[in-house]
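You will see chain A twice below: alongside chain B first, and alongside chain C after that.
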Partner chain A sequence: MLMLSMTAWGVQRFPPPQFESGYQIPQTTTPMPHPPIRDVIDSAVFLVALGMASWLTLKKRSRKWIVGLMLFSLFYFGFFRNGCVCSVGSIGNIALAAFNSEYTLPAVVLVFFLAPLVFTLFFGRGFCAAVCPLGAMQDIVLIRPVRVPEPLEAALRLLAYVYLAFAVLFAATGSLFVICRYDPFVTFFRFNGNWNLWVLGISFLLISLFVGRPYCRFLCPYGVILRQLSRISRWRVKITPDECIQCRLCEQACPFGAVVKPSKPLPPAENARSKRTIAFLIVLLPILAALGGWIGSAMHPTLARAHPTVRLANRIDAEMAGLVQGQTDASEAFRASGQDVQLLRLEAVSIRYRFWVGGMMAGIALGLIAGGKLIASAVPVVRKEYEAHRAGCFACGRCFAYCPVEQKRRIDQSIMNTK
Partner chain B sequence: MTQPNKPINRRDFLRDGLWGACFAGLAGTGAVLASKSSQQRFVWQIDPAKCTACGNCATFCVLQESAVKCVHAYQMCGYCDLCTGYYRPEPSALDTAAENQLCPRGAIIRTYVEDPYFQYTIDESLCNGCGKCVKGCAAFGNGSLFLQVRHDLCVNCNECAIAAACPAQAFKRVPADKPYLLKGQG
Partner chain C sequence: MTMDYIDNTQIKMRPLYQGLMGCSVVAAVLGVVAAVLLAVAGYQIRVTDPAQADLLQKHKEQLQTRPSDQALAEQIRQMDADIRRNELRRQQFIHTGTIYLAGSIVIAAVCFIAARSMLKPAPVVPTADSCPAEQIQRARQTRLVVTVTLALLGAVGLYAALTARPKQADTQSQPHSQSSAVEAVDWAEVVAQQWPSFRGPWGDGVCRMPDIPSVWNEKENKAIVWKSEVPLPGFSSPIVWDDRVYLTGATETEQKLFCYDAKDGKLLWTGQIQPDGTAGREAPNIMEDTGFAANTPATNGSRICAIFATGDIGCFDRDGKIQWQKALGVPESAYGYATSLAVFENKIIVQFDQGSEEGLSEILAFNSADGAILWRTKRPTPNTWTSPTIVKTDKGYQILTSGSPWVMGYDPATGQELWRASCLGSDIAPTQILAAGLVVALQPYDKLYAYRLDNAGGDVTESAKAWDGPGDMPDIASPVSNGELVWTLTVSGGLSCFDLADGKEVYVQSLDLECHASPVLVGDKLYILGQDGQMIIAQAGRTYEELGRNIIDEECYASPAFAPGRMFLRSTKSLYCIGKVD
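Moving on, here comes the complex of A and B:
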């Protein structure tokens, strides 16, 4: 065992020589990572960009300027800073820090996680419009948007909730950072990576040519949180700050399906029916939650395999039971290190337990969300005019130019300015 | 429900309440997380005591050329003529011919110091961190060759892809102002 454990570490077999020629023993070089001041600069640039995005989307109301800031963010946070730190991926660090006391959260990550949430609560999703490099990457390549039918859109959107739930579960248990691992565009930002990352990135880019911001709409786990905050934001993007004259010109303007039509209150007969549907769905809610919780907890042995310690313990057990032949690198390294199998098993048991609890919570949450979405879809909405959907609008500013009232306002304004 | 104004007001009221709750929630989350955070940055590094030189470092890095390179703790080195990190087992001659070398990249430079000693230096632009030399050196030599994440190359991924693939769980986050775990330094 001792021999084995020394295989990689090595032992001093030959004494270091006594040199006679005046030879100087060289030092091992240690090139340093970038200096800490860069984090401060990044945070400052980030906050300024967020502030500018809010001003551009709400006050300046100019798509051209928004695109300008978006390109800046794409180059700075994307290509220059290699796409890391990013708010979307910071979910992983936050979840790990929340559930694991050994992990220290770098302050810059906290800034990147929290600032867009606060800004969204006040000003809507200016972050998505012009600061997030992932969003920018998809936005600039969109050339021929196709409309995604509303029910399909709603169904696909649930994927993002599932993604968020699993990303938090895996990060909180210290297994892996799913969001960072499968970040579709970081390969472009680094301009470096192995081929499967390139395939993932290029396919997303190709889809983005025809489907507006597919990652943002259907997968982005950070977008899920931003959507909810944007629903109740203090200020928000309006197609025109003046009155909508219902000319319908903006109806097709939004490539993300976020311009919503006016709707009238339902006639009494239908209203009664919709009330019955809602009552039924409310009864269904706890059932969905229970079902989700049950599925989530039942999946825990499979989910737990995402954790390297559980994988190793499973492998060692299988080897000891003679179910598998030979050793893997991991089991070999474990044996060579001379650690206690019993301790490993205990650790695996506690991780599996955390997956049981976490899987159940994630399942319950997803059940409630699915049920909540069903209820929301059955509640009739009364809308007086065309407007940008509170949650779905990325504040990209495309629709402004379609509105004749807005055009008139701009002309009036420029006349005012020249006077 | 018959007056059209009432529900809208109630809605606004609800929304305001929710807004306040969300704001308080964010502030609270921020405060809790801030107490767990620090100005210190962390970077990835290999604990050479755990690394088994499995070869994953060469292939799993997100960079095409791995940011992990072999480094040399010269003060531990025996400066052997027959270096088992440099030569394949049973080399035909102790020269610099490629067929005798263990390193698939020819990344180790052998230079004569004085009789009978030779210095071995890694050319990091050629090394891909495969760890063949590390294994060879550890098995029959002093173990002075080992693998380290080089921070002039590493882009410091939020989660290191090699760390996730390392069979020995040898990767850890270390403070950015002490980013190396060198051998032979206590």
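Moving on, here comes the complex of A and C:
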């Protein structure tokens, strides 16, 4: 919150001289749009990278190659393309296009949004493993992974749902692309950015030294979607290429807590208790949804302040009522334009209403998701072997080398190759 | 099978490993140095902001008192140049330092990863199988932590919601509105004391304002506050916002909006909407009984919009400056297009029903500020003469419309059709009303229908029908209701009263008036305006009781408009303001 509030410091740092100095201030120029071929190239590179990531994680099963592709993606999509277009940020474009017919969605954005979803649906989260520059940035600095306790991990993951819900709300109302605005690593990609973003990015990097991919696990709104698709993906990463021999060597391999242990059936008494808990939580579900909807809608005046029109209307009214001193650039420009304050207020009212509806929907969705998580935690699971978590596995390939069966496969393969 | 775990100590002694780790450490140290230097530079930039350098500011203030002091001016220039030079140097330093920092991070990370990848994974000590007790414990802990997190998130949300209550600005200080608040202004509050469109804010002909006069007489000059000439003919009704009264007038060659001062009747400005000069546009075939200005304008306080029988629509600001104008094309209307505009927040709603069969009609919302079309929805109706009305429900606002054969509801935000009910025949002019949760519409000469507004959506012809009742239904005037009874008024003066609960006729009273204007409910009184300028004031009850008659000397066709303490009547020649004369 402190970092977010620091954006208020963003002011013009270099005002023009207040007296004649003979210096001619150059005309402000608008950069030309980049040629369309660039979008085609980016889309092609992206699709090839996704294909390679899928092949490397499912067939080649090589952490080294995955790291190689990860570094390439970090360089190309991160540093070379300055982190834009980005699949994570494309959520904002998609939400805006869905709710605003006047906004034309660029084709390249659609590709960056849809392609990872399709690939995940078939091949698991190869995008997270080796194509996403944000994930790569965190993955390469992971030195001393600390295991996050499972309950805490489950709780922190709720933040990503909250972030996704409000990111969609802000984008759909035309307020701001919050995911892009607060992308923690874009400052590194562009060597540019305000102080807050540097602090944010460096903080994430420092945390990433010890907590594997904190942004991906606990905040990434795109990851929320990928997690759900990964649960039902046709093929996905397996720790062992063959049958699990229950050696337990892979237990500590995953820095993201995505290796799940075998588990036995619960005793009958505990099973019955679980059923009662689930029944209670199902009854609780609509209450959570209603509560979330109420809170979400009640937050609408606060949320609506993210919209420039609402901010301006508030500011103008505050100035007219003498609640604040002076004028902002926006209020000064508005007054100079001669536009009608009443009209501005009415537009602000209309926007607040959209936030009321959107806030309620977001709240209901979050209430249902939270209830679903509680229910899921009460459902007993029987698992016979060690396996990568269907949703949580980033397909980074770290666990491969820990598996003796995999080691044997590699040795067999090298023997075959030498023959 | 033998495990291939080897002693990593040997690998760590290799020069390549040591070189990579050394490189990583050196790069990391350089990165830390770069980060520290950047932080220092950033701090310096913040505290020595050129725009806030105290000394420079002080010198500038001195220069204002001594503008001819050239030495001081030169000193300021020099100081300003120095500060700017330093600022640029620091910015350059930060830019370069950032590159160094990022580079060192990348090098440190790459070397470290490369070195670590040389090591073989260390064997781990196997832990015990996950037993049921452990699973149960973990599940409980998960539920507990998730619940706590939920509570925290909920608390943050609640805090945001509770602190969201706005500061209430002094609305009296807002020159153009006495009726808008800073935050969360509901449209119902904005229009509570306004008459922004045909038959009031909700199009139901109910005046909810105080101190409306019930006795006046033009011959005796009693309660006539002022009377002003209306320069052009028109059957449209006046509308009122704060201290302004607006009405339209038009001929085949002129289309005008007139703005009067509500205090003294002075014509403040006349806005003209140029007839569309599209080459080859056919002259509209308008019946004399309809005229070119039968459509009542609408205002949201900021913009005043008018539409005419030609399909030309335009918006003016409060000073009479035209903001935008559009030609929708001459609507194909048997008697001439007469539908009034509706207004909701920044949206001007146009029900553009035309053609002898369905397919041409639509309903549109224009942004009152710039005329942009916010949404448009096709309507399954031929030409009609009813008007759209805005209503407020428990679930939000709706637009109601009537046309052959559908009574329909739309979402004003998106234009999406919400529900429809089939009940009407052809040639519909009376506008529907909402009363006690029932949408009341009528088929001329035939029946009165009531549909529940709280319906399931879609085609609710059968499911939402509350009742229908036969009667002598009017073909021009719209009904009015007090939530218990509903009244209709025919041109020949037939006043019918029905029970809103079941549609049964309560009484029929023949008035000695010819009526074109729709009746209005003011408090517990019905105001019934005759063509000859007489207005009957009757008790709004289960039996007909005439309380009085008032008269002006000119013919009246338009429905009255209201402001607190005042009523505005449009005659064929004049605009009257009736109220307490100071």
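We adopt the following convention: the second predicted complex is superposed on the first by the 382 of 419 C-alpha atoms of A that agree within 3 Å, B and C clash if a C-alpha of one lies under 4 Å from a C-alpha of the other, contacts with A are read in each partner's own complex, and residues count from 1 in each chain.
The rule we apply is simple: contacts are C-beta pairs under 8 Å (C-beta built on N, C-alpha and C of every residue); 3 or more make two chains touch, one makes a residue touch a chain.
A quick note: this is a predicted structure, and the numbers were derived from the prediction, not measured.
Q: After the superposition on A, what does A:Leu117 contact: first (chain B), second (chain C), both or neither?
A: So A:Leu117 only meets chain B here.
Q: Scan A:Ala107 for contacts with chain B and chain C and give back first, second, both or neither.
A: The first partner, chain B, only.
Q: Where on chain A do the contacts with chain B and the contacts with chain C coincide?
A: 13-15, 17, 19, 21, 192
Q: What residues of chain B sit close enough to touch chain A in their complex?
A: On the chain B side, the touching residues are 15, 18-19, 22-23, 26, 29-30, 32-34, 36-43, 48-54, 56, 62-64, 71-80, 113-114, 117, 119, 121, 134-135, 137-144, 150-152, 154-159, 161, 164, 167-169, 173, 176-177, 179-180, 182.
Q: Going by the contact rule at the top, pick out the chain C residues touching chain A in the complex.
A: Of all residues in chain C, those touching chain A are 1, 3-4, 35, 42, 45, 49-51, 60, 73, 76-77, 80, 84, 87, 95, 98-99, 102, 105, 109-110, 112-113, 117, 120-121, 123-124, 126-127, 129-132, 135-136, 138-139, 141-150, 153-154, 157-158, 160-167, 169-170, 173-174, 176-177, 180, 182-187, 190, 300-303, 317-318, 345-346, 368-369, 413.
Q: What does chain A use to touch chain C in their complex?
A: Listed in rising order, the residues are 13-15, 17-19, 21, 63-64, 67, 71, 140-141, 143, 149-152, 154-156, 158, 162, 188, 191-192, 195, 202, 205, 247-249, 251-253, 261-267, 270, 274, 288, 291-292, 295-296, 298-303, 313-314, 317-318, 320-323, 339-343, 345-347, 349-350, 352-354, 363, 366, 370, 373-374, 377-378, 380-381, 401-402, 404, 407-408, 411.
Q: List the residues on chain A that touch chain B in their complex, please.
A: Answer in residue numbers: 6-17, 19-21, 23, 25-33, 36, 39, 82, 84-85, 89-90, 92-94, 97-98, 101, 103-110, 113-114, 117-118, 121, 176-177, 180-181, 186, 190, 192-194, 197, 229, 232, 234, 308-309, 328-330, 332-334, 336-337.
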